[in-house]
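Here come two complexes built around chain A, the first alongside chain B, the second alongside chain C.
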Partner chain A sequence: MNTTAIKELLYKMADDLLIIGHRNSEWTGLGPILEEDIAFSSMAQDKIGQSQALFQLLHELGEQEPDTVAFTRNANQFHNAQFVELPNGDYDFSLMRHFLYDVADQLRFEMLANSSYEPLAKVARKIKGELKYHVFHANTWIVKLGSANEESKARMQTALNDAWNYALGLFEEGDFENDLKKEGVFAGEATLKQLWLETITPTLTKATLTIPHENTWEPKLGGRKGIHTEHLEPLVEEMSEVFRVDPSAEW
Partner chain B sequence: MITEQEIWKGLELVKDPEIPTLSMVDMGIITKVEVRGENSVFVEMTPTFTGCPAIKMMEGMVADRLKEMGITQVEVVTTFDKPWDSNKLTERGLMCLKKHGLAPPVKHSGEVTMELLEHTECPFCGSKNTEMKSPFGPTLCRSMHYCNDCLQAFEGFKPVV
Partner chain C sequence: MIKSLDPRVTREQIEENNLIDPLTPMDNWETYEVFHQKKRGDQHMHVGIVHAPNPEMALLFGKEQYGRRSITANIWVVKTANVFASEYDDADMFETTPEKQYREAGGYKVMEKINKYKKAQKV
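Take a look at the complex of A and B:
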């Protein structure tokens, strides 16, 4: 099997999870109501744990220890999509990003549950069950707020418009798409994107929200290749601050 | 030489650090026990959730218990080879959860839906006139509910596939 291709796939997924996990954790103590504070904190814990499992797979393929990989790289060495590094903004944007990202991730891990790369398939079979709850949570709020009152609907629609092109950046193709497809590791970003569109559309329709018109779509690409917005560097600095103070500390 | 059955029996004393009425065996997170020779035992575990922060601690608790039983060579590993799902809780495990005031997870048939959680049976009064407040709770494996009959908030152990 093409190890370089598998590593590239693992890195982008692990980095997406680590960075969105960190953003989710920023709601801890600040959620608009207690249950939501707990929800985003729980999802943060899930995602960071899931990223650790993927970093562990990378470690088994010869990369450094999970903590070292997570906390000692510079921003331009991260392969996450720009979407997940954007600041939380208001709760409307956080919820919309949560919805768009988590549906994509759930579908991704469902696809990977059948991967020919068995170590990844095993982890994916576990993660996809956990993500169900993230998607339940997202769907509930999108539908609730999309159809609650004028203000909530307007805010959710604005959040969708603002998030859209960044969300499309999740499906940026790597250099090894064909190898991964050929070897049955992953069916590819284009397939995933199609599935994602088919899955989010009914929920958005139920929420009376409208996907931006296709001729305005301009996916925000580059994240997979280390090109990021100005928001990633401060995040990485904050996230790794404690580790950098004493990398050998025992927890 | 100690038998695998004796090891399983001995491990029943190792309890979940957050739910002291529930053993790790009844929780279904110990997936394999292998006696590898005189005083040498291998145990395989799997976490309830990938991000469960207690798994390292639980590995240590299992190892300590085995040493207590006189095993000198102990190996405990965590893998996803046989991933945990909530149907792996034993009948006794489900009872233990209830005794602890946690609604046991509903048996699933390979699929978990929101409806499955909507009217979770109240562990205090047995009513199904309940509502789910959030699919997330104080730990990754719990959800939060409210009973409209006995007017108490309660937590449930989530069904997971």
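Take a look at the complex of A and C:
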């Protein structure tokens, strides 16, 4: 099996989860209402846990310990899409990102549940329930706010427009697409993107929101290759601050 | 500017003498009663309430509030307004008077008859 290809796949997935998990956790204590604060924080924790499971697989393939990989790299060594590193903005943007990202994430793991790389397939099957709740949460909010009143609808539409090209960047192809497909590890970003569009469209329609016109689509690429916005570096610094005080500490 | 140990607060660049807008109450979110079932077939037990604008969101919140730390098979949410309850002022209607002990299982005086019957059988 092509280990380099698998590592590339694992890195981008793990980094997406770690970074969005950290971003979403920034809402802890600041959420719109207590119940939602708890739900959103709990899902952020799930994401970090899921990233840890993938870093563990990387470790088994010869990479360093999960904590070392997560907390000692520089921003340009991260493979997450730029979408997940963007600041939280208001709750409308955070919810829209949660929706667009989590649907893609759930579909990706569904595809991987039958992967020929068994350790990853096992993780995919294990976290299925968590992802189901995350998407249920996202769908419920999007539909509710998209159709609640004029202000909420306008804000969700603006959030969708702002998020869109970054969301398309989630499907940036890597150098090993064909190897992964050939070996039955992963069916590829193009397939995932198609599936994603088919899945989000009915929900957005139900929410009376409109996907930006196709001739305006310009996916924000580069994240997978370590090219990031100015927002990632401060995030990484803040996220790893405590770890770096004493990397050998036992937790 | 407020400098806090919480970097999220510092990032907001809040003026020292900034007055936070007074909060307006959210009078449009109702409460839902949450019932939790440990495993199929068990009774649903009342565990608490959540605030939510509709049943779907009550379910969303109920799951995280009451279902995430223990084994859960199922959750019910019921709008608090839909619960028809007795008045505490009427609590005296639950009191049992001594004269009604015949309605309790322990009130039946049958042992005497049973013993009499057993005795008769032995003869």
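Remarks
Going forward, the second predicted complex is superposed on the first by the 251 of 251 C-alpha atoms of A that agree within 3 Å, B and C clash if a C-alpha of one lies under 4 Å from a C-alpha of the other, contacts with A are read in each partner's own complex, and residues count from 1 in each chain.
Everything below uses one rule, namely that a contact is a pair of C-beta atoms (placed from the backbone, for glycine too) under 8 Å apart; a residue touches a chain by one contact, two chains touch by 3 or more.
None of the values given here were measured: they were computed from a predicted structure.
With chain A as the common reference, the superposed partners chain B and chain C clash. Within the superposed three-chain model, A:Lys144 lies in touch with chain C and out of touch with chain B [touch as defined at top]. When the two structures are aligned on the shared chain, A:Gly49 is found in touch with chain B, with no touch to chain C. Of the two partner chains, chain B is the only one touched by A:Gly129; chain C is not.
Contact comparison for chain A: of chain B and chain C, B touches the greater number of residues.
In the superposition on chain A, contact of A:Gly89 is made with neither chain B nor chain C.
Judged by the touch definition given at the top, the superposed model places A:Gly184 against neither chain B nor chain C.
Shared-chain residue A:Ala39: touches chain B and chain C both.
Look at A:Leu30: by the touch rule set out above, it reaches chain C but stays clear of chain B. Applying the stated contact rule after C-alpha superposition, one finds that A:Pro247 touches neither chain B nor chain C.
Within the superposed three-chain model, A:Pro202 lies out of touch with both chain B and chain C [touch as defined at top]. Of all the stretches 3-11, 57-65, 75-83 or 147-155 given for chain B, the clashing one with respect to chain C is 147-155.
According to the touch criterion, the shared surface of chain A, contacted by chain B in one complex and chain C in the other, consists of residues 35-36, 38-39, 42, 133, 136-137, 140.
On chain A, the positions that touch chain C within their shared complex are 26, 30, 33-36, 38-39, 42, 133, 136-137, 140-141, 144, 238.
Those residues of chain A that touch chain B in the complex are listed here as 35-36, 38-39, 41-43, 45-50, 52-53, 122-123, 125-127, 129-130, 132-133, 136-137, 140. Against chain A, in their complex, chain C makes its touches with residues 7-8, 26, 29, 50-54, 56-57, 60-61, 63-65, 68. Listed in rising order, the residues of chain B touching chain A in the complex are 49-53, 79-81, 83-85, 112, 114, 133-138, 140, 144, 158, 160-161.
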